[in-house]
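Have a look at the structure below before the remarks.
Letters A, B, C, D and E name the chains as they come in the text, with residue numbers starting at 1 for each one.
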Amino acid sequence: MPHADLLPVAIGNYIGLSLVIFCIGIAGVLLRRNPLIMLMSIELMWNAANLLFLAFSRAWLNNAGHIFAFLVITVAAAEAAIGLAIVVIVFRNAQNVDVDEVALLKG
Amino acid sequence: MVLTLILLPIIAGGLLFLLPASDRKFSRTVGCIVAAITFLLPAFAPAGGAFTARWLSRPFTAAFHFDWSGISLWLVLLLALCTFCAILATNSRESRTMIALLLLLEGTMMGVFCARDLLAFALFWDLMLIPPFFALVGWGGHRETAWRYLIYNFSGGLTLLLATAAFGIIFGSTDVIGGPAHSLIGGWAGWIFAGFAFAFAVKTPLFPLHTWMPATYADTPPAMVSVVSAVQSKAGLYGFLVIGLPFLNASMMEYKWVFIALSLASLLYGAFAALTQPDAKRVVAYSSLSHLGLIVLALFSGSHVAYEGALIYIVAHGLFSAALFLILGYIEEREGTRSLKRLGGLGAWNPKLAGAFTIAALAALGLPGLAGFAGELVILAGVLRNGLFWPAMIALVPIVLASAYMLRLLQDIINGPPAQDLPERRDLTLVEGLAVAPLLLALVLLGIDPHSLTASIATFIGGLR
Amino acid sequence: MTHQMGVTGSYPLILAIWLLPLAGAVIAWAFGPQLKRQAGMVGSAAIGLAFLATLASWGAAMQNAGGHLGAQQPLGSWLPGFDFGLLLDPLSLIWALIITGVGFLIHVYSIGYMWTDKAIARFFAYLNFFVFAMLTLVLSDNFAGLLVGWGLVGLASYFLIGFWFFKPTAVAAARKAFVINVVGDVGIMFGIFLIFWKIGSLSFGDVFANVHALDPWLFWTCLFLFIGAAAKSAQLPLHTWLADAMEGPTPVSALIHAATMVTAGVYLVARCAPLWSASHDAQTLVGTVGCLTALAGAILGVAQWDIKRILAYSTMSQIGYMIMGVGVTAYSAGVAHFFTHAFFKACLFLGSGIIIHELHDEQDIRLMGGMQKRTPVAFYAMGASVLAISGFPFFSGFFSKDQVIYGALEHGYTWMWAVGLLTAGITAYYMFRLFFVTFFGTYRGELPPESVGVPRQLHDTQQEPHGSNEHAPSWLMAAPVAILGVFAVGAGWIMMGTGSPWARFFANSFPHETLPAPSVSELVTSIIAVAMFLIGALIAYTRYGSSTALANAPARLKSETEKLPAILVNLYYFNELIGLLFVKPAIAIGQFFSRTIDPHLIDGAVRELVIASRAVGTFGRSLQTGLLRGYALIVVFGAAAFAVYYALEGAAR
Amino acid sequence: MILFYAMAIVLILSAIFVVTAAKPVYSVVGLLAHFAALAILYFSLSAEFLGVIQIIVYSGAILMLFLFVIALLSSGVAAFSEGPNRLPKIAYPAAGALAVLLGFLVFAAGKFHAAVPAASKAAVPPVGAANAFGSVADFGRALFTVDLLPFEITAFILMVAVIGVILLAGDATPYVPVRKRQRIVDQEMREAVIREGRH
Amino acid sequence: MNAAPLVNPFGAIDWTAVVPLFIVGGVAVLVLLADLLTRKPNGSISTGIGIIGLAAAGIYAARAVPFGTTHNAFFGGFMLGGFATVMQEVIVIAAIVSLAIVRTNRNPQRMGGTVALLLWATTGAMLMAGAANLMTIFLGLELLSLALYCLCALGDRASSRESGLKYLILSSTASGFLLFGMALLFGASGSITLGALASPALAHDPLYWLGAGLFLIGIAFKLSLMPFHIWSPDVYEGAPLPVTAYMSVVTKAGTLAVLARFIFAAYAGGSADKLLLPIYIIAAISMIGGNAAMLAQTDLKRLLAYSGIAQAAYIVAALAGGTALGVRYAIYYLAAYTFMNMGAFAIAAVASADGEEGTHLTSYRGLAYRRPWLAAAMTFFLLALAGFPPTAGFLGKILILSTNVTAGYAWLGAFLIAGTAISLYAYFKVVRAMYERPAPSHPAPPATAPAMPLAYVSITVCALLTLIMTFYPLTPSAVLPLIK
């Protein structure tokens, strides 16, 4: 494996860790009905990817992963802003902040 | 010149939509003139004049290549004649729309019959489905039928498309119709053949792909169905003739027993089913299934004599089925029903109608001296001559049945005591008579002397080997 | 002998013979409304001219240049092997003479018979068309042309049987006749295919010169050709249409269903003599069928009451003789019987037509009686014809029938000889029965029909519909009957003796065989035949003609009607059998196809496809719950599937 | 190494907390912990700049945004509670799918050890140096040369965020409560189906 | 790579390659400024500027790079030449038509921002068209998506916001997969360029396979191939009509460009047939499922959403096998799809009554009698989508089929055939509705025809091009010289 000595632990650990976090994020999207928590779960997923980028970046000694992670953070910020704005306008007057209430479009 | 044949009807048909929907006379005049032009042009210049324009150079060569010489000539003439008669016979509330659709149908089908390129062939093949579809939707809203017609035939069109693409890839060019014969062999040939054959079998139709046909023929307005049954159904047979025989001969011979079996099934199935139909148009529809099965049998027999008979019968069937449907249209228009149980005794008051009907029905049942007989005789003689003893034997049964169901049709309508609850109507008008007269005349003439037909296919057959 | 047919070159007069009737038909059809009764003149004239042209062609037909017999006129070709042409040789000449000659007389008669019918022009158009078709049949020099004529006479017969198309019984009879005849056409067609397959040409000359190329299909060819002959000539088991065909006007029955068309089968077998001579099996088959038909028809004739039906079954029986004759290769005998039969049977029909006319369309002989006085012309002419058909010595039928019966013996078919003689007796019986019941005694038409055993309903439907009571000049009908009566008496004289004109006429037409002399001589045969005639006539006389019988005729007829065996009344149940074996199954199959297979099996399968696609659509729709988490779940499911694939595939490397 | 495992435990636990927390505010707190732990891991991977950014941008900006929205939505008349669960059974299939997903992902990843070829160890700059791998300078050079275009594009992305949020927030039309609206829609659909004649 | 020498960093950057992107992005700012400066907000000005800017960018893009030469900018991050330019043109044209069918009088005060967002989305899509490394792919995708979330949610109706929310959450989740996949690909290859993925060594790396799988999930989601299509019907229905039209083409075009590049890289690396098999399978599923799902739809936008699912799958089928001709025909079909689909949407925009987006099929009943030409044009476009001649859809299908045969993916061709057969029914459902006489009891919706000259122009142009492309196959090499 590349530069095993450069990493605190074997790269497989990073992959496993990020995979677990990634799946927890998916579980959040799947199971929670609060759109804010869904958005946060998505952040978890993206961050899991970021962690992986950085780990590989270190392993390959290629800072492209850093740049990538940086851009992901930027995009995540923009996405969170827009997402929260949409959540606000959808649920501003709603009784419950609950995505199950939002089902006009179907079929 | 050949483009005139295709574009003139299409443009004229399109322009007719600019007229007010209530117009009758002007659109009929225009329609007749256009159809007459498309008839006279090839009639007076049978050598044709090719038109070629490049289309694709990759992934295979394709061109807009059209010509009407050879076998095409007969189908072109048949089409123009049937269209002319159908337009002349059109006399409904919405004549303008019907005539426009008829012209569109003619133009698109001219494209099919004149195409020398498979891709152009496939293009017009799909296109010719649309006018009947609209005729079905627009007249009395036969939705289910319209769907069935479209779905079945379009499925065929799609496999045709796939097969054309494969053919083009394998062969390198689709500009082949009418060119030197070259039988495809190898693993792909079977699939390509399957694609073409499915399309042609649906269109013809061949058992068991025929179920769209009775309903379509019954529900389509008479003028339209006369062209559809007379000419459109020949597109599949024409395809077998000009595409199958020269280019997929190996596969055709490989699967010949499948198709012979299917054609015999069609022959018997159509004949038996026609025996019991209560609806006059359905009788003719099922009889078409039976008759066209005979042509398929001829095309798969491998016998050159049978091919000659097939061309005779293609034209003959076109003529008599067009005439039958037009006449049944007249009858339905007069009496308001097509039920054989209700109709009866029309002959007493409508001798001209009865006479025309009789000739057409007799041609359909293969009366010697009319064109249908010539086709049947030559086909079966050729089939047996190629050693297909049992197929020829079985194919004789439907001939007997044909006389039974055609006479049933004929007699139940024009003979017997006049139905009391139906109104007595006038006999055929001059225009109505003129609309069927050319068809009947052609039936008699071709029945007496089909030699010009066989001469033209003889050159085609000569090119096969 | 060589089998070259026709002297090479063209003989345009045949065209005149052939086309004159067609011209008459077209004129009568096209100008019918204008011509009205004059159509009858036009039609008769056309046939008369054709007859004259035929007579004028006698020499050409008899010419024999180097084995080429008769005159020929080529007509054109469809494609190689299908070449058309006309041929006038002795065989076709004799047919053409009968067709045009007897045809002419019947045409003239018809003018009177159809005098009051509105559609008289149409009638003559059809009649002329029939003559044209029949001439096509007999003049063609090839099988394809013969088949064309074969079909066209069937058509003409169909038209004429169904002439009164508003009568449902006539319509049904016409359809039946046509369909059964198509069965025959198809048989001939298949025979033609076999010939075309093996020989590659359809002209008589080519075929007869290469008979042995047909092996081993020779018998089959003959069989299929004979199916056509049997259908057209009402041989067992395809005979059922002939009696029904009596629904047509009486002259039609005379011309088509007695004199000419129904004998086309005889013509066909005679024409194909080289084929039959080469196939012993075919001889046996055809001889047997003819013989049985002769017997069966005669027996049915015994049990009929309708005057035309009696004659119809008689026709069937007589044609059975002819077929038997040509079948056992006694060609000239069979043809001879055709020749004489044409006269006496036409005469019988026309005579009965006079009676029917006189009685305003009554056809049941139980309601006749005493017609001797009312229709003397019919009485004498029919009397002569009855004697002729029964084989009274030196009347025409005597000669020809004896020739046929003796011919069977001569060719080794002793049982046919016996049956033929028996049938001759039965013939005498039923013909005299007809004769006595019709002409003798007192008129029973005023009696209530039930009193003579006529069921009421049956009686009403069997009338010929004529318009008014206006009558044509009586000679129009009487003269042809009288002429035919004369021929019925004398036509047989040309067949007398071994070197007769008849024998010389056909000297070159048929294959010759030298046969061992049979154990029973011709003279003995004749004597037995005359004896049979006497027995039959005597029985008929005691039952119907004697004064005791005539005294209480109505009661006798009634009791006899009731005592008739059911098998005869029901015509051996042939109609029922055909219905059971063919018609009902065909209709059942047709209904099964169009009501079960089409909508449920094929369309059902397609509909299942449509339903399946819709179900896919609806399933997709049901997944679209609108709930975000549900959507996410589906995406994750997809992702999981992807992950499985890629993990396994990736790990496998 | 201990650091990694410790942080891994923190990360997983905090992630589970984020997902399972009863209230979104708790989730935010969990997420904060998650991001902090991540930042620590980033440092250990010699990505100092990213670690800092993670704290500043994520924890500082994005999570604050979440908190604002939580405050906004739960203030006023609207109760911050959840309605009826319309997919009550989703947990089982979701768990199944997740298990499959995770299981196979880990399964494949587990094969990774032997698969990747060893890269050269040469030219590894010392960690912590000004120009070292993961340093701001290293990062910046790459950002303005090789990855300049992505960097430029982020400008558009941020602009989209700004303009989009302004436009969205400016939309004052109220959202019709779902259930009431649903009835109307259902009614319309029914009528439409009747008019269509059921096809 | 970390020690890349700093020699003339801007030399390999080549700004000319991205000028079209920046024109579009810049014009968006211009639109905002113009919107700010005009006293009374007027949507026409915004759309006008937007269209002009897009046209300029389109023309520049066509002229900038000679066709056929591969132009590598930003250190392999952005590629021009090849199909990228054509994809950009398609995107620009779709954006222009989308702007042309915006109902400018509906929400004048928000029009400037909306147009700007649409232009930025276009920038993102154009970036995707040329993106050659994972980073640009991701950014292009996110720029496009973020703008679209806003655009969707900006509709007048409640359902618009819902669609925005659904789109955002699902798409972000999918982006998570994409991102994770990219991380794994990066981990496997040590590089973020797609070119590095072409290494044959990678074919044996499970990490590469896993990364490719997750990456393709993201791609499939954006292409809305089944079962990752689940978002698109709802979003298409909820979004404002012009945005739906825009999404239906631009998202697919951009994503297809990425997919094409990925496929080429994969085929260069070997074992791509197995690597991409799932994509082909879900393309096949989409051909059947998408078309079948159309049968059950009663809303035109939903119907066209499903249609788009199937159509995208056709294009994927063209790419199968990674042949050069395949890409050519994928582009041909994409262009054809653009014209027919945009034409259909333009008609929907024109036909819908004022104030209400009448996209339910019932509102099309009897259209042929109210607006015959419009109905005829709609029929034409639907026929084209169904692959009827004489339309580009017909020729496109032929070309795809022949590609499938050549590339050894005839089974995809068979699915295409089956799917098309099903689709016919659905398309003709609309046609039939238009040609049915409206029931007298159900009065026709008021035929208000707001002045939308640009929309009519679009319809005409789309129809003409759809027709002409049948007879004169517009391949890039045939068209681009015309612009120069």
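Everything that follows uses one rule, which is that contacts are C-beta pairs under 8 Å (C-beta built on N, C-alpha and C of every residue); 3 or more make two chains touch, one makes a residue touch a chain.
Please read these numbers as outputs of a predicted model, since none were measured by experiment.
The set of chains in contact with chain A as well as chain C comprises D, E. Under the touch definition stated at the top, chain C and chain D share these contacting partners: A, E.
Two chain pairs, B-E and A-D, are weighed by contacting C-beta pairs, with A-D ahead. Chain centres computed from CA atoms place C at the largest separation from chain E. Closest to the middle of the protein, by Cα centroid, lies chain B. Ranking every chain by how far its Cα centroid lies from the centroid of chain D, the top place goes to C. Distance from the chain A centre to the chain D centre is 3 Å, each centre being the mean of its Cα atoms. With each centre defined as the average position of its C-alpha atoms, the distance from chain C to chain E rounds to 78 Å. With centres taken as mean Cα positions, chain E sits 26 Å from chain A. Chain B and chain C have CA centres that are 36 Å apart. Under the contact definition stated at the top, the residues of chain A that touch 2 or more other chains are 2, 11, 15, 25-26, 29-31, 33, 38-39, 50, 55, 57, 59-61, 63-64, 67, 71, 75, 78-79, 82, 86-87, 89-90, 99-100, 102-107. Touching two or more other chains at once are residues 2, 135, 139, 142, 146, 149-150, 153, 158, 161, 165-166, 169, 173, 187, 190, 204-207, 209-210, 233-234, 296-297, 425 of chain E. Contact with two or more other chains is made by residues 86-87, 90, 94, 97-98, 101, 105, 108-109, 111-112, 116-117, 119, 133, 138, 142, 146-147, 150, 154, 157, 160-161, 164-165, 168, 171, 175, 181 of chain D. Applying the touch definition to all chain combinations yields A-C, A-D, A-E, B-C, B-E, C-D, C-E, D-E. Taken together, the chain D residues at the contact with chain E in this complex read 105, 108-109, 111-112, 115-117, 119, 123, 125, 133, 138, 141-142, 144-150, 152-154, 156-157, 159-161, 163-168, 170-171, 173, 175-176, 181, 189, 192-193, 195-196, 199.
Chain contact summary for the complex, chain C toward chain D: residues 625, 627, 629-630, 633, 636-637, 639-640, 643-644, 646-648, 650-651.
Interface of chain C with chain E (complex): residues 610, 613-614, 616-618, 620-621, 623-624, 626, 628, 631-632, 634-635, 637-639, 641-643, 645-647, 649-651, 653.
For chain A in complex with chain E, the residues that touch the partner chain are 2, 11, 15, 18, 22, 25-26, 29, 35, 38-39, 42, 45-46, 48-50, 52-53, 55-57, 59-65, 67-68, 71-72, 75, 78-79, 82-83, 86-87, 89-90, 99, 102-107. For chain C in complex with chain A, the residues that touch the partner chain are 621, 624-629, 632-633, 636.
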